[in-house]
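Look for chain A in each of the two complexes below; its partner is chain B in the first and chain C in the second.
So, the complex of A and B:
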């Protein structure tokens, strides 16, 4: 497997473009708005799994706190929408209903700026990014690596989850933020069942995939992969390893935060369950099944797993066994396709690979001696 | 910059002054002072535990000395971080060959070619750096020109050693530290490595830690012998072979030739 080469960049671009085309024309074949809403959710999961692929698959940072970014993004959007709810669900002076029930007299200071959509959308991306910047700076400057990074990010997730649940007066606690107004932007209304919402999500996923592809094929992306392979070797070539790791974590957090905002649109509420351990672990499973070292693989992994999950749990015959089936599927993929489902695509022979096979054969033949001169 | 000081050895490029390194009570280096000249190939030998690898670790910043200072080209680098020292022109080859196994040979070299180390600047650099020709030449130098698009993990042990050497050349460091570069190589490969090192002399300054005396005789100008964390002797192969103190240090192992 070691010598296996990935396809050239043009083949990748074709694959990514085909995927984008499929998700963009999908609504033409779906008349059921409920079903379209489901697909929109799957695409959001695809986006957050793709975000994990940047940090985990490319830079080797297994961030078990990915749900922190996702959840914070979701809450930022929900706060803006909550402040726009029609008066009947809002207390005196535009105070959100749950605050009225909790005897809050005036809007807390950090809620104020969320009257502005611009601020809320920027915050949905920047809050997770700044948090990642802080965590990354401390963790990576201290040369924390591997499983310890995962433990720290997991602990952070648990802490933030507890704080959100505990501060009910400010956050809505267990109930989260419900009864949200739909997002109205550029004359469009993004309610959960609208085509506009689906297209917004599909276009976001497509754009994120291509931007992500540009990043991982840049020199920065190459150095991220080198760090994944051998951190010290990179350091002694003169690169500031911690800066690259922090960058990967921040980029991943920014995309995950954006995905969280879209998730609020498609669900019409935000809940502490978005910001919890099961979500984080699911993201890891999606990315692993699809192929963590591939952006498209991770995204498709999320779509396939959640799609199969959704249809199995909706089918009466599998009502009691679907978790078992999902578990078995996960084990089979991890055992037999350690690089995920996308590695099946990598095995499709293309024109250029014959030359590479020949090169690999030459190397194998000359393993015993170097013919330098 | 580097590569232009062809010919005879120039001024002092590296000075180690009274370096002391302790690992929780164990003194690995005890007052080491060493000068290396520009363009020279210096061999560093000594019995096991003499502190050779630790000396290289101090120079490249992996280990911070308890006292003493390291001066590179007139600038003190003792307290700098590893990547800063690397940017000052120090390259390091490790005892266990370390390359990026999941990347191709070409990608390995692109990483080593560290012209601009910044994260954001490198976001806008794509594909080959325009140095393909230079990289192909380096690959040819170490016999990997046919393997440019092969994953480094698929190379043999000897080829991996050669790849790491090529990476250091791509990095184009002024001072290259080699820790047992011929470890695990066949006799044929070792001979080729000696030939390569002789070609590098003058263009780069090299410090080579080695045990293989045959190899050292092939490549060295001046040998520095370390013993118990100190510099014991310095001189040509002949001088070192006849040095009484060196013989005593290697007592029981038949002098340096039997080490």
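So, the complex of A and C:
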């Protein structure tokens, strides 16, 4: 990789484990529930940025519609919670309030199964995955790659966003789904400010990081990276390139959908702004700033960027210029630090590579000795 | 019958704006190999240029169109010099950089001109309806159609009948060989980018009296224009024209039958299905590799 030093796998594992430890013990030091909710949000962003890194950093598929998966996951969870809102806020026979206002007489068919938590949680992961499968099959089988894929995913995002806002009777339109009941599962209540919610998110992020690491270091992961570097060469080896690309897109969509569900828990509503272009742009920026080809880098990129954004949002002057700063930061990172902040960490010499470097130095010295002699 | 004619005409008028936007996009992509996601913001800047000049200096629409072309074109030139040229050979990264640029431009306008909607006056001579082939059509839309046709002809002459165009085609075919023959490729890239941006500026100026002007108006246009480029391909002017016509008429017709959103969704689905079954026939898949 561009002559960059690559750390051995144990160093990576130590880094990932340390990160997981930090996010798990964080609640011990935070007494303010509001602050904990904020951190939970940052971790969700970390999860969705990590998901993008699977398809973008490892398989070379720049999905500009990552917010589609995120938003659909969020809506799936919100639909289930909406149906459980206490009856005062819902219409007759548990009809969600916005449907009553829009003169919808009975629950639409696709809302029915969301009475079950099991179905809703499965749908939050599967709906984005199936959508990714469809797009992947259509696009990759036709050997469309590179920029066209990015444009198609961006167009998908814009279209889905418009449709969700347009079908107000079914989706809550511009207002989204508000007034949600908290998720109750296994005797735990996951309301936005609960410790349980934070732990659920932290554990999810940790598990996703290690699972992702396992995937990208598997044979499948190596082939994905080979496709990223030279698609045709992999094709000539006889691999089904489209299948691997579709897999990467689906895996990324599944994780992003899961992140979307968690986001509904943290925010206690779902809104069409979750599946809009600015969210997708932010996800790409986080991943680019942190390091697109590193799962942990992308996650930390999201946490750092949103963390800085969150701490600046108290000062109105910064809030207005923040978008300008983000745009400029994005361009600077793309121009001068294409592998993101994590590439700075990669430059730190570790035991293994130091030894290798010493060995290389010895070889070089002996060579020059030979030349001199 | 009148209904159908009206519908066809309204589709044509959508198509002509689309064509101007996608023409710039296609020329930039075909020559420089850059997908310019800030293209929608160039359109938006063209519209704001008209609003600003009209509001502050009382200029009419016609001088504004010319000024919008040069203002946005100059901006395109600067952007190419400062950002794009560092990214040749990194196609995916140009998407990112231009996306970031789009965000900056949008926010800059929001901070300087305000986030509220702005309105531009229709030129008095063109606000009337014209009796044409048995129906009343808006004179302004006819004007847009005519100007698009003229700009298309100008672009054709520029590419196929001038020395600049010859160099440009040489660079598209093989930049190395073109350089060997003394063609200043970096200058060609910069000018092409500027010209494409300028066309977007004109498109923005032309839509400003038809639609309200807002900082985020570009996003919708750029997506539609990409559909045009994807369907029509970047290799031929004719492909872009035909594709803009098809997508414009289709959007107009479907919007007439249902609404704008459903029309957009159906067109998008159509484009995705099209890509699956006719990827080579409808657009060239020549993605540049560094």
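Some notes on this structure:
Basically, the second predicted complex is superposed on the first by the 331 of 373 C-alpha atoms of A that agree within 3 Å, B and C clash if a C-alpha of one lies under 4 Å from a C-alpha of the other, contacts with A are read in each partner's own complex, and residues count from 1 in each chain.
By our rule, a residue touches a chain if its C-beta (ideal position, glycine included) is under 8 Å from a C-beta of that chain, and two chains touch if they have at least 3 such contacts.
If you're wondering where the values come from, they're calculated on a predicted model, not measured in any experiment.
In the superposition on chain A, A:303 makes contact with neither chain B nor chain C.
Of the two partner chains placed by superposition, only chain C is touched by A:150; chain B is not.
Contact with neither chain B nor chain C is seen for A:341 once the two complexes are overlaid on the shared chain.
When the shared chain is aligned, chain B comes close enough to touch A:236, but chain C does not. In the superposition on chain A, A:275 makes contact with neither chain B nor chain C. Of the two partner chains, chain B is the only one that A:247 touches; chain C does not reach it.
Once chain A of one complex is fitted onto chain A of the other, the partner contacts of A:219 are limited to chain B, with no touch recorded for chain C. Using the contact criterion defined above for the overlaid structures, shared-chain residue A:177 touches neither chain B nor chain C, since it reaches no partner. When both complexes are aligned on chain A by C-alpha atoms, no chain A residue touches chain B in the first and chain C in the second. The touching residues of chain B, when paired with chain A in their complex, are 60, 82-84, 86-87, 91-92, 94, 98-104, 107-108, 110-112, 114, 117, 119-120, 122-127, 129, 140-143, 146-151, 153-156, 158-159, 162, 167, 171, 186, 188-189, 192, 195-196. Taken together, the chain A residues at the contact with chain B in this complex read 2-5, 214-215, 217-220, 222-223, 225-226, 228-230, 232-241, 243-244, 247, 356, 359-360, 362-364, 366-373. Against chain A, in their complex, chain C makes its touches with residues 35, 37, 83, 86-87, 90-93, 95-97, 99-104, 106-108, 111, 219-220, 223, 226-227, 230, 259, 261-262, 264-265, 268, 271-273, 275-277, 279, 285, 287. The residues of chain A lying in touch with chain C in their complex are 60, 62, 64, 135, 137-139, 141-148, 150-152, 154-156, 158-159, 162-163, 165-166, 277, 281, 284-285, 288, 320-321, 323-324, 326-328, 330-331, 334-335, 338.
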